[in-house]
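Some structures are shown below for you to check.
In the two assemblies presented below, chain A is common to both, partnered first by chain B and then by chain C.
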Partner chain A sequence: ESHTQYERVGADVTMKCGSMDWDAAVTWTANGTDIDESHLNGSYLILKNVDLSQSGQYSCYEGSSWHLKYQTYLRVGTPPKEPVLMCRSNNYPKGFYCSWHLPTPTYIPNTFNISVIHGTKDMVCEKDAVPKNRCHIRYLQLFSTVKYKVTLTVTNALGKNFTTLTFDEFAIVKPDPPESVVAKPVPNNPRRLEVSWQNPSSWPDPESFPLKFFLRYRPLILDQWQHVELSDGTSHTITDAYAGKEYIIQVAAKDNDIGTWSDWSVAVHATPWTEEPKHLTTEAQITETTSASTSSFMAPPTTKICDKGAVVGSGAMAVCWTAGLVVAAYSVLFI
Partner chain B sequence: PTGDSWGIFTFLCAALCNLPALPALNCSEELGAGQSIQQTYDLTRYLEHQLRTLAGTYLNYLGPPFNEPDFNPPRLARAERVPSATVDLDLWRGLTDNARLAANYRAYSRLLCYLRVLDGQVGTAELRHRLAHFCASLQGLVLSIGGVMSSLGYPLPAGPAGPPAGPPGAPAAPNDFLKKMDDFWLLKELQTWLWRSAKDFNRLKKKVPPAVVTLRLEARGF
Partner chain C sequence: MAAAESPSAALRRRDLCSRGIRLAGKMRADVVDLLDAYVEQQGLDASASVAAVEGVPLAAVERWDEQTGTQRLLENLAAYRAFRALLAQMLEEQREQLGEADAGLGRALAAVLLQVSAFAYHLEELLRLESRGIPGEEGDEEEDGPPPPPRLSLFERKLRGLGVLRELAQWAVRSVRDLRQLAKPSPATGTAPGLAESP
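So, the complex of A and B:
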């Protein structure tokens, strides 16, 4: 006879050789390897303080005949800890989904059971094929005052545990991030970047349930983000970009009235349009080009720094830009 | 998209106003409908924010368990007399503009009635003051919805002329705890209605301007 046996990590395990007497002569093997007699108490196999590495197939053979008398598959694991459950509506008003996982592995098979109660009604949460550990529910009614109560129970051979979430229909609304975010420079506009994006495809009805958006952007070299909130439209032109600097841009979405902001979209990079660098030979030309490209953030100080002891050549341009930017960064910090 | 609809609408309005055979249309009235829908929407958002503070204060006044965030009592039959915002999704989508506006008008009129009853009963001066202010704003919302309905040519629903004590036949709460439960559900329904109205007026915002012109043309036999 053969079966599976589950034991907790750290437990002491005693295995009997089937129906053999205690004083019978037997040999035990673990995964085909003979086990030393020191682990035996008569014909019983004693494993103290088992650990995960001791999982495997244990077989017991009668001493002289080598007949297989007993076989068991030992699986060492732990009872489940309290599972982590999350429910979210990224497709309002269609419904919501719940997903879960265990905070630490149990090393043995677990079954999950999820129940959803809405007031007095039991609802069925349909399990998704992919990803596993996820199920979805369709709303039958909208604008409900009664909370939803979701209970997740996890069970394995060594124990069980559960967790509960209670929430209002409105509280779990969180769209997916906006899609297809694109940022482009605007020709002949050294301080502009045109950003456009699309509603997340999982949001089913943007006409009746419009989304609003939050845009954040910063030059790669600075840590501080700038933010713009947009109540409609799926595009925006940034007009205060630092000329010539590469920007990182992200967008988030939220239902106009309820719920929470989505995660940030995938970041896009863009650099505003710059004029083709010309070959400079005189100090006067450097000053001219520099002041033409500066803004209210960067005006007089930049020109002065570049004026003093300016060196002919494109290397000087780089110095001017960096100096101007440092000054601008400081002024931004002090605003 | 909103800009385009306004452009078409304004053009049509101007064109119609210039047709010699017709008496001049009151264009400002039609434009007014679109604007007052926006104003009504803004008012529901304002009330929703106001309600959060009011509800917090009121539930603390009621004391535990009403002020606990996890409090999730079953609906008792008696609570059904408070108009519910809950509705079947397809039904809600298919509501005509008239039905949509009328549902809001009726709901807030009744909720206002109940809130006024509450106002007469609460203990602290602070609560009375907050409730009075909220009731005034809510009255404004009812009037605003009524205004939108009138400007679109819809008749106002028959007033909920129920006495301040509530609809006839509804028994007063037999004990203090059940009375508090009634108050709890009243606030909950009010909150849900304000969330729903934001969505109702979103739909109306997008649909009304062209529909208004069609309505007027029909009235003149075109």
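So, the complex of A and C:
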């Protein structure tokens, strides 16, 4: 008959060999390896100040017959610390989700229990299969001033802990970042970049619940961002870009009326259009130019013609170095 | 009434909705500012929970997305009419309580009251457009919208005021959403969803 035993890190553990008398002759093993007699007090096994490495299977055998008298699985761990809980609505007005985790591991199994109360009403937060530490709730009412109270309790064999969040419907609204951000140069316009994006796919009804957007952009070589807030539309033309400089661009979204801004979208890079002749510079000219310039860029090996500046961001970032560097080198000369 | 909506009526409705959305947006911003001033001036805790106050129309609604256009307009109108009376009452109490001590708060209250009245009128316009009869105001001169409150203590009146303003702020957001729904053209017939009704 096998047991499981949970003990705290640092505790002193005494294991009895089942129903054997204290003065019986026994042998203890830990994961199959004999344990030295110095750890024994009669037939009891004494483990002082246990640590995580001492978790394992402990078995006790009768001295002469080697009959297995007792077996237990020792699991060393800690009681749970106060869990970290977060609730958010990225799909307003459908509902919201809560997710949680422990700040430090306990090394033993934990059970999480979540309760959601709206005023006096108990609501059910349906646990997601993936990810595990997450549940979601559908709003039964909209525009309520009554707050929601979410309590998360975590329990394991060594103790329990809990945390509570109280919030109102509007406060937790935070959309996901905009998707499919694209930045393109505008032909024959050396200071323009055309940026477009899409509403996050998790936002269920952008027509009735429109989003507003915040665009930020800067040339790679500068630290200062430029900002533009846009109350509608999913595109914008930057008209004050530095000619020939590669830009980094991001967009964030917010419900038009309530809640907070999303995280920034994936960054996209783009360089404004420049005139053709510079674009088709020969190798000789590049070498000559870059050696004369004050730029610290390296001379590119070839004059690669590529789709300069047009980059689609969605995790993939194709940076067109060659032509961009040539142009940048020229621009530095002209500043 | 005719099921189909004339193009000019559709345009007028969309125009009224856009203006209504702007009105409600401005009203909400002013109510939020007023709330901050009120909380500070009255020495209240901004996070205090206020139980549902009698006579204050709650913005909370179930199955909001299933409401018809007419329902939205009627519920909004009833709410803002109630707020008109409630704010007038608050203004009166404010003057009694403080006299000239805080003209700023009184002015802000009066400004919001004006916007609430204007919005209620705007809703009536929208209802008129749908050739809906505009419901008469509840009760006559003798009994106002909200029942005259039992003589509340000063503190209770302050909390009540907080409840009124909070609920009004919620309504302002809801009204924007309601008007956006109203402004949507219905796909098949070209009428607004829920507004076309047979007699």
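Of note:
Here, the second predicted complex is superposed on the first by the 276 of 335 C-alpha atoms of A that agree within 3 Å, B and C clash if a C-alpha of one lies under 4 Å from a C-alpha of the other, contacts with A are read in each partner's own complex, and residues count from 1 in each chain.
Throughout what follows, a contact is a pair of C-beta atoms (placed from the backbone, for glycine too) under 8 Å apart; a residue touches a chain by one contact, two chains touch by 3 or more.
Note that the structure is a prediction, hence the values are computed from the model and not measured.
Chain B and chain C, once both complexes are superposed via chain A, clash.
Of the two partner chains placed around the shared chain by superposition, neither chain B nor chain C is touched by A:196.
Contacts of A:120 after superposition: chain B is touched, whereas chain C is not reached.
Put chain B and chain C next to each other and count what each touches on chain A; the higher total goes to B.
In the superposition on chain A, contact is made by A:149 with chain B only, not with chain C.
In the superposition on chain A, A:232 contacts chain B only, with no contact to chain C. Overlap of the chain B and chain C contact sets on chain A: residues 93, 140-147, 170, 207-210, 257-258.
Contact residues of chain A toward chain B in the complex are 93, 119-120, 139-147, 149, 166, 170, 207-210, 232, 256-258. For chain C in complex with chain A, the residues that touch the partner chain are 25, 28, 49, 58-62, 64-65, 166-167, 170-171, 173-174, 176-177, 180-181, 184. Contact residues on chain A toward chain C in their complex (touch as defined above): 93, 140-147, 170, 207-210, 257-258. Chain B contributes residues 2, 45, 70, 72, 74-75, 84-89, 92-93, 185, 188-189, 191-193, 195-196, 198-199, 202-203, 206 to its touches with chain A in the complex.
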